[in-house]
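The structures come next, written out as structure tokens.
Note that chain A is present in both complexes that follow, paired respectively with chain B and with chain C.
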Partner chain A sequence: MSQAGLSYEQAPPYGLPLRYFLTAPLFLQLAAVAAIPGIKDWTSDPHTLAAIALTHLITLGFLGMVMQGALLQMLPVVLGAPVPAAGWVARLGHTGLTLGALLLAAGLYRAQATLLHLAMAVLAIGWLPFLAAAAVSLARARTMSRLTLIPLRLAWLSALLTVALGLWLAAVLAGILDPHAIERGLGLHLAWGLGGWVLLLVMGVAYQVVPMLQITPPYPAFYARWAPGVAFAALGLVSLATVADLPALGDLGYGLIGASLAGFGLVTLDLQRRRRRRVTDATLLFWRLGMLSLLALAPLPALYLKLPGEWQAPTAMTAGLVFLLGFAASVVNGMLYKIVPFLAWFHLQSQTGARAGTIPNMKEFLPDTQAMRHWRLHLAAVLWLIPAPWLPPAYAAPGLLLLALSAHVLWRNLLGCVRLFRRYGGRLA
Partner chain B sequence: MTPITRLLTDDHEHCDQLFAAAENAVQARDWARAEREFAAFSQALAHHFAAEEQTLFPAFEARSGLNGGPTFVMRSEHLQMRELVEQMAAALAGQDETGFLGASDTLLMLMRQHNLKEEQILYPMTDRVLADDADLIGRLQETLQGN
Partner chain C sequence: MEDLLVDARGLEPPEPLERVLASLAQRRPSQRVRLLLHREPFPLYTLLKQMGLTYATELMPDGNFCILIGDPPLSRER
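== the complex of A and B ==
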């Protein structure tokens, strides 16, 4: 009889997800700082090379980094589905994402084909082994909650499409492929990356962690079963409409994407409102901001193309900021404040066999006051930056400094937790 | 859902509610209420552990021949949880809100992961293996009620 999933023995060593988690805030900080000198180049239009470079420092260097690390931790433990060769996958994934994000950003910033060629190769190494290993794990996971498996499998497919489209776009920009249809490719890459990989992954994780962290009722079964499929189908419609030039189908697809954002935001906020646990911590606040951001974004996919031409670029820019910083980064921050200190406690306890009272608990590993300091800086940065695309470029600078500072505080908070773990004799490997 | 899975999953939920009530009272610094709610929680948790360790696990081990496997892991996690509960009790006695909430936060993460594994893997296994043990449910119910 299989015991898969029962033993924490299959939890990877602390150092495995940690290398991702400790690198990620540095990329957010880099993105914020790098955005200041060329501020005029990106605030006006999300399709400039500078804007695309900055976006990838955040999506690959920060979000993708944390998401890979978290999945390598979660798949074996929460879904009971071991990841083959997890150590190697993490080494390749982490190195590939780190170097790849830097090369891609540099290649785009300087519009240099050689750097883009290198970035493509390195990013393929960063993603493909990870996706292959995750595929094995997701295919094997049968015993655990099917409701979580569906969005995770769809997120996996979306990630594959996003990476494939990304490589294609990079090849076009590097002059290897014909630039014909680059605009369409860009739209699809964006849709599958943000609406597919990021949104579906967060949904799958939320099904497990929202009821767990705040003691809320579970996601309604009907919603939980159908919502990921609807979001995925909507992306499929949008893709079909883009490829086959069918605007009416595209309207339907974009409308459904908006409905998916709104539905997930509303259902999650409602569950959190009905939570049994009254304790309000940084994680809850980060998640609420994330869900409110989704609600704010919901009307946009359907309305965007109907906006006056001169409004489109700043609207897209604002939407990007709300999605990446207001939604995705907030949710990721909230998760980090639970995962990193819990794993510190858990590994230290398992390694030393110490009695619970003799080692620090989660909140001693990462005090609330520190997490709240980060939360306030993050909120201030997001609120400051939201109107930036509509105002003179110089306006954005203080917001970017706030963002850099908030990323720095996150990094210090995580590092402090790991230092305490080491001081008590914890081993990372 | 099959009978053992249903019974013990419902009891997990019951324990979660009592846990939240105790934590809420501590956060409100209502120490008298906190004492009551925490006593109710730790008692319910102790009964739950007793039902598993003294009735369900031995029956499952005897029938399946699996002594060192899944039940061993669950028992060792019970031990970790008991220690955190002790730590919460000590913090409560000293009216140490921060100490209590730090330990309870840790316990919640551990407990909910543990419950998930039981509900999705171990209980369904016991339901299959012990389907013909007619009075097992009755014995489990008695222990859960503290008799």
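== the complex of A and C ==
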């Protein structure tokens, strides 16, 4: 197979993904700080408006922010699939996510319909152009690594469903639509958002970046080919069971979701164990925590509804914390520590045509010691917060402060890398 | 003329890129660089285009990639 002379669109300018990456830690910090005053409103039940508001500061403001930025960077550069009008898509996506997440959180916190109306419009602007552009890119992708394309395309579909369900739920909360079936809609929004968009996207990205950055063998071909489809089908079964009221089908779907979490966690941990480069850096540790979190979550989808009633709310809270902070935020952090310094090096090299040794290398752009400091704070915050839903509300406060501090350290680390890039004459645009 | 071989399989980014750029700077006029890598290096293509160089990528049976880099037009024959 040969592809001489194929014309690849240039990598997007450094400033394009960076605006997302530098904004995201601020949202994690905001979520942690905002969670402290109303601590008893959210630790008790994940369905309170305060808990939903905080969740969206993390899912939209932190995770969605990094994931959009990373995809706009990765689609052309890793998969050779240019994103049309990437500059405009990034401006709309970044602005829409930033304002939309703030408006949504404020609207939920204050239970104010006007803010929710605004949030819906702004979030639609933040997501729809991005999804349209990503669709064109994913349809045109010409890559030899086709295994990555399948989970990314399924993640795209999941994102579309999540956004559509989210807009519908916001319309219900804002009093525009009839509230019947809101519980079902909430469950499906959660399932497609976390189990579809987040998990499938991480799988697709992992197929590329785990072997590339952690120098492991590739994901086993049989697993890589089938696992995303199984996870997606499981979500389909759960949706069908929810809509048509078929509990047995739901059990099968939830069982398969649990198996997907466990399978991805186990396969990735095994690859990391067999890595050729024996160094343990922050990215490896963040990813290991992410995969262990998936293993911890795996039995839950099947068991949740069989738990005693009074255990369900705190279990759901704990699961949410393990998924969002233990899994998703950890793999995002691990990725940022590779993407941001690599892009700094790459763009500086490309802009200056520098000879080796005359510009900083990746480790100088973002030293391991700084990344490890963040890793320790993040681990401490996650471990502290996991039992919080089972303990008196005040217990969570130190964990939230640790989380805010760890997000601040992440932001400073990324900013330091960008400052060094600028000092050597790098251009962001 | 023998191709300049860069075996960057199993190296952590951006070392493969650094090595291939160093080899391109060192090569003799019209000499080609043959890069062996465990993945397809899309970022390298951007740099090569900027440098006015041409490349041909081949997926090898063992799953690694062989990227032949030289001045245009690139001949695949020795």
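Rule of thumb we're sticking to: the second predicted complex is superposed on the first by the 418 of 429 C-alpha atoms of A that agree within 3 Å, B and C clash if a C-alpha of one lies under 4 Å from a C-alpha of the other, contacts with A are read in each partner's own complex, and residues count from 1 in each chain.
Methods note: contacts are C-beta pairs under 8 Å (C-beta built on N, C-alpha and C of every residue); 3 or more make two chains touch, one makes a residue touch a chain.
Note that the structure is a prediction, hence the values are computed from the model and not measured.
When both complexes are overlaid on chain A, the residue A:A244 reaches neither chain B nor chain C. Of the two partner chains placed by the overlay, chain B and chain C both lie in contact with A:G80.
When the shared chain is aligned, chain B comes close enough to touch A:R278, but chain C does not. In the superposition on chain A, contact is made by A:K363 with chain B only, not with chain C. Contacts of A:A429 after superposition: neither chain B nor chain C is touched. Contacts of A:P218 after superposition: chain C is touched, whereas chain B is not reached.
Applying the stated touch rule to the two superposed structures, the overlap between the chain B and chain C interfaces on chain A comprises residues 1, 3-6, 8, 77-78, 80, 143-145, 208, 212-213, 215, 276-277, 338, 342, 345-346, 349, 355-356, 361-362. Contact residues on chain C toward chain A in their complex (touch as defined above): 10-14, 17-18, 21-22, 25, 38-40, 42-43, 45-47, 49-51, 54-59, 63, 65, 74, 76.
Within the complex, the chain B residues that touch chain A are 16-17, 19-21, 23-24, 27-28, 64, 66, 69-70, 73-74, 80, 83-84, 86-87, 90, 98-99, 101-103, 105-106, 108-110, 112-113, 116-117, 120-122, 124-125.
By the touch rule above, chain A contacts chain C in their complex via residues 1-6, 8, 10-11, 76-80, 143-145, 208, 211-213, 215, 218, 276-277, 338, 342, 345-346, 349-350, 353, 355-356, 361-362. Looking at the complex, you find that chain A touches chain B at residues 1, 3-8, 77-78, 80, 143-145, 208, 212-213, 215, 276-279, 281, 338, 342, 345-346, 349, 355-357, 361-364.
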